[in-house]
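Some structures are shown below for you to check.
Two complexes, one shared chain (chain A), two partners (chain B, chain C).
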Partner chain A sequence: MTLLIAGGVGARTGSNRPSRARATRRWRDRLARFAFLVPAVVYVLVFFGYPLAHNISISLRDYTVRSFFTGEAPLVGFANYGTVFDDPLFGKAILNTLIFTVASIFFQFVIGLALAVFFADRFPGGNLLRALLLLPWLLPLVVSGAVWRWMLDADHGVVNAALRALHLTTGATPWLTSPHWALPAVIIANIWIGIPFNLVILHGGLTGVPVTLYEAAALDGAGRWQRFRHVTWPLLRPVTAIVLMLGLVYTIKVFDVIMVITGGGPANATQTLTTWSYQLSFRQYSFGPGAAVGNLLIVLATVFGLVYLRSARTSLAQETR
Partner chain B sequence: MKRWGRTAIGIVIVLVLLFPLYWMVNASLQPSGALLKADPDWFPVHPTFTGYTSAFSGQLDHLLTSVIVALGTVAVSLLIAMPAAYALAQLKIRGGPLFVFALLIVQMIPGIVMANSLYTVFSDLNLIDSYTALILADSTATIPFAILVLRAFMIAIPRDLTEAARVDGAGYLRTFAAIVVPVSRNAMVTAGLFAFLFAWADFLFGVTLTTGSTIEPITVGIYKFIGNQTADWNGIMATAVLASVPAAVLLVIAQRYVVAGVTGGAIKE
Partner chain C sequence: MVLGQSRSTRGLRRAGVAVAALALVLTGCSSGSSGGSGNSITELDYYSDQQGSAAWQQVLDGCQSSTGITIHRQSLPTDQLLPRVLQAGPHNLPDLVFADNPNLQQIAATGALTPLSDYGFSSAGYYPSIVQAGTFQGKIYGLAPGVNGLALIYNKDLLAAAGIQPPSTWDELKADATKLTKGSQYGLAFSAVATEEGVWQFLPFFWSNGADLSKVDSAQSVQALQYLTGLVTDGSTSKSVLTWNQNDVADQFVSGNAAMMINGSWNLARLDSTASLHYGVVPIPVPAAGDKPVVALGGEVGAIPATGNATQQAAAKVLGCILSDKTMLSWDKAHAYVPSKTSVATTFGQQNPEMSSFVAEVSTARARTAQLGQQYAKVSTALGTALQAAITGQQSAQQALSTAQQQAGTS
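Here is the complex of A and B:
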């Protein structure tokens, strides 16, 4: 097989020299084109490929503070994963991640969709108002977290003051210091942060729905709700899939908001896989278990990510059809 | 008339949803004593700028660090993403689609995982507490996004335009510099803007790759400010307002680029 190819090439180049020059030129051309991609490929290999491999390696080793000085980190197999699975925090972190993610996405989506439908109709100032709503999404998450921490303060927070003014509560709900209220508190803050993103993408999807369909439905006597139910909702499905999947990928790895508002506490009430991985690596310097939790997160994110890519591809295919 | 009714409802919605921002500004202008009353003042009755003066004196270094890191991230991201996007959009390259797929996948990797391993890598290289580490780490998040946004734009550049230059004897580099870059200005603004906003807002890499002994971005500054038991909310909220300025300014002056980035990043990828 190899001989055959070698012979073939030899025969061809031997028989006529210009084509050899052409082959070199083609090679040079290919190299010249590839050169544009080289920096990006190198960057991805060095800053994604290596760290990912390194992370897997750390998760299989007894990597401690001392390892930084001695350079020694003995292999321990899957012991770090065992440590993580046996940790009573594991179940809690999974459950918190799940509740945080599902509740955040559900409310972000419903509110975002309602706003998108509201802003889909043209009215004076509509575009300006919609643009203003983007602001919370562009702010540093640490800023949003800080603001919510201040608003949810038990004694001086505006949330409790408003609840008292409306006679909904009499005392001071300890939003951030009670294990019962802390998770709902960070979820509320995160919903607020995510609404603009849902609004923008869903609004983009709505503008793609042909107006003629609404007119036809209206002629057939369909009311507002029926038009939404039978025209908007089905046509919006591909965009819905994209928003939900992207939301999942983003929300699973939320870090800043929780760190700033509760730091994972009180009593681990808001500890998710992400914050737990941080605590393990950077507070307890147990880099092995920290990396193990991180790898579990990758698996989760990639599974959702692949589902997203599939739905994005089918929706793109539908668009081009 | 009915349409103006919509406007009224829209204004109410915006007021409700942006209330937290108002509350931030409100607290940033009130003396700390007034903030600790049982019932808060809904307006800054006795406005004071002490919060801002303390924010400036205490956080100026952090703001500067964030500016340097954000600008550095923009530069690195565009330098690497522009040629890559050109190659992927205009030059047929074997393995190109595979690379695009890889870019989509790496965007899914949780930041904490990157922080975990980049910390060990950078400490081996003695780069903890350096601008280099922060810029390179932030670029892991911005480069894939920048390539995808720029590529989506460059695919739409007519081949006639780039191929005419090639026929005239221009090499790939000349074509890139003389035609592709100028034509892609808008997409570059979008990609650069998002790189800036990401690096400016970054907290995770800031808190893991710095120790606080030399440089520290503003987000980490705010985080530590809150952690202080004194809880000077006036100063904290003033710092938060300062940290929000770039986002607010960019939204005002570059709104259409922002919207292009949000939708472009999500759907066209």
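Here is the complex of A and C:
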């Protein structure tokens, strides 16, 4: 396309020497620009394109342990997807994934925002406290998961001991052993892990809000809540969009936290698309259905992402108007 | 606007890349190589805990000096070994691999392994169950230097204080567990976690009662699950068995939170290191007096992948050394496993009386893949779900096992 246009321009101006030289130079510039793109394109193709294509290919085949060595895996069309849709676990895994994602993001964001606003006011020890709050982010997920598993133990866990000491409960809440409590339990652990991320980005966004606006609002008689509602919140919108978008991507693919704390149990109560995909592939060696679940997860994440992007863009457009 | 549109779209684009990164969740890369000469081989195992890893290194060092073949060892966490072998493909295989025995048939099914008869190995003198675990389509692909199983380990002091003898039948176990439960102390601990470990702990009850993996909703199976569920519902076992793996079970026992536990011989070294703890071992209790306990057979089998003639011959020499009576005895003593050859096991039982209950059980132990082969993986997942569904009270034992049978039966 570019090639044709460049040629066209040259032809129209006739055999004018300096202009042809200019055209070649422009040409070279363009080529150079494309050359700079090559590393990025190769990187994306090798590390994102290939695995994705391979995963889609596996999901359309009868892929067995033998296929790894012989490379033979007959195409079966969408049979693996049929198997997955018919599985009684399918609905449960989708529902669990949705609940886990929405609840995690909501609470991570609200608590993260509250803390960010709190730390926006400078006070002695504020920086130290904020640094300490980052700790959950720095710990390997497997470590946090294991610690949460101990803390949530029904008999000897510190969570139940604390609840009893505060007289909030009398018995032992069966956090990880009841199918009703297990999902809330892993969500709580995941919220704790996600708060620092929200706090850091939102705090960064807050420092970008000009102090003069608050002063002006205060002069106009705006209270704390009104200042938050009419100054902080609208100005924080772009950052909010980023935080929620990244949070969505991080949360929907959470695997290690659930795997370490409950392993998808008890009785599949915490099975999400990620853990179910792992179970299918590496416990039952049903690689086709396992890959199909993985692809559904990607589709779900993309759909969510697009919907969110669109809503964020329209609200941004309205604001700038 | 302080933070411009450009910055936010860049962030969103980055998020798009992160979506693409999801594709990586399910795929992985592996690297590795196998030498072409017969002077050195690569070996892969999953003895990654400190004590086990050190003991296995001694075995390999011994065989390295006696065979003159350099052994390059790789050690992975248990659940990563099979994916590693599968992802290696035909050109990246280790020369010698020690895999969990129920996985052997999966690996053999890939066509990656060579039959051990090619190198003159014979299964004569081995326990038939471990030979079955290493057999795929009539040929032996794997042999183990040691096997293990589950038994009932009890706290001598707590039982003496309650004035009871260690139980040998289900009724006795139930009565004793109830008697030993008081305050924060439970009578019994076992693992019913949502992985293969939970199923492995359930199978001794399942098999000892005469149930059979080809029909997991049989009356005997339902009875076994009802029995185990009953121990939890009557409070003599913590509901947390649903989240405890076998290490956690041992922790509960060592800390005195459980007076008895179902666990394997590999824990004995750890129990010995707690000076104040006096423990005893009896075979796993059986449904009625006189029944034989049937536990699931554990242990790792050595197999030789097809990596080229020179390295295969070298790997065979090393495997021969590892399976020799002498190495077998020292490895099993160091790791508290039972020798897989009957004659060596007898000597071993005499030398190590604390292991005698485990030795006695091996003769009746059953390989998990003996009956179903590769299908075991699917049945095991279904059975594990049933175990958890019944213990949480979500379904009755009968309902849970009917569901499991349906799941196991499809495709």
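We adopt the following convention: the second predicted complex is superposed on the first by the 254 of 321 C-alpha atoms of A that agree within 3 Å, B and C clash if a C-alpha of one lies under 4 Å from a C-alpha of the other, contacts with A are read in each partner's own complex, and residues count from 1 in each chain.
Please note the rule applied: contacts are C-beta pairs under 8 Å (C-beta built on N, C-alpha and C of every residue); 3 or more make two chains touch, one makes a residue touch a chain.
Computed from a predicted model, the values in this text were never measured in an experiment.
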Clash-or-fit label for the pair chain B, chain C on chain A: clash
Partner chain(s) touched by A:Val249 [first = chain B, second = chain C, both, neither]: both
Contacts of A:Thr274 with chain B and chain C, given as first, second, both or neither: both
Chain B versus chain C as contact partner of A:Gly264, first or second or both or neither: second
Partner chain in contact with A:Leu75 - chain B first, chain C second, else both or neither: neither
Partner chain in contact with A:Leu37 - chain B first, chain C second, else both or neither: first
First (chain B), second (chain C), both or neither touched by A:Gly294: both
Which of chain B and chain C A:Leu219 touches, first, second, both or neither: neither
Chain A residues touched - chain C or chain B, whichever exceeds: B
Which superposed partner A:Thr177 touches (first chain B, second chain C, both, neither): second
Touching partner for A:Val200 - first (chain B), second (chain C), both, neither: first
Location of chain C clashes with chain B - one stretch out of 63-71, 117-125, 135-143 or 243-251: 243-251
Touching both chain C and chain B, counted on chain A across the two superposed complexes: 44, 47-48, 51-52, 54-55, 68, 149, 155-156, 239, 242, 246, 249, 253, 255, 274, 277, 281-282, 290-291, 294, 297-298, 301-302, 305, 309, 312
Parts of chain B lying in touch with chain A, wherever the complex brings them together: 3-4, 6-7, 9-11, 13-14, 17-18, 20-21, 23-24, 27, 35-40, 79-81, 83-84, 86-88, 91-93, 96, 99, 101-121, 123-124, 136, 139-140, 143-144, 147, 171-172, 176, 197, 200-201, 203-204, 207-208, 218-219, 222-223, 226, 233, 236-237, 240, 243-244, 247-248, 250-251, 255, 258-259, 262-263, 266-267, 269
Parts of chain C lying in touch with chain A, wherever the complex brings them together: 1-5, 7-8, 11-12, 14-27, 79, 82-83, 86-87, 89-90, 106-107, 109-112, 184, 193-196, 238-240, 242-243, 257, 374, 377-378, 380-381, 385, 388-389, 391-392, 394-395, 411
Residues of chain A touching chain B in the complex: 32-34, 36-37, 39-41, 43-44, 47-48, 50-52, 54-55, 58, 63, 68, 115, 118-119, 121-126, 129, 131-144, 146-151, 155-156, 158, 161, 192, 195, 197, 200-201, 204, 239, 242-243, 246, 249, 252-253, 255-256, 259-260, 274, 277-278, 281-282, 287, 290-291, 294-295, 297-298, 301-302, 304-305, 309, 312, 315
Contact set on chain A toward chain C in their complex: 44, 47-48, 51-52, 54-55, 64-66, 68-70, 83, 149, 153-156, 174, 176-179, 205, 208-210, 235, 238-239, 241-242, 245-246, 249-250, 253, 255, 262-269, 274, 277, 279, 281-286, 290-291, 294, 297-298, 301-302, 305, 309, 312, 316, 320
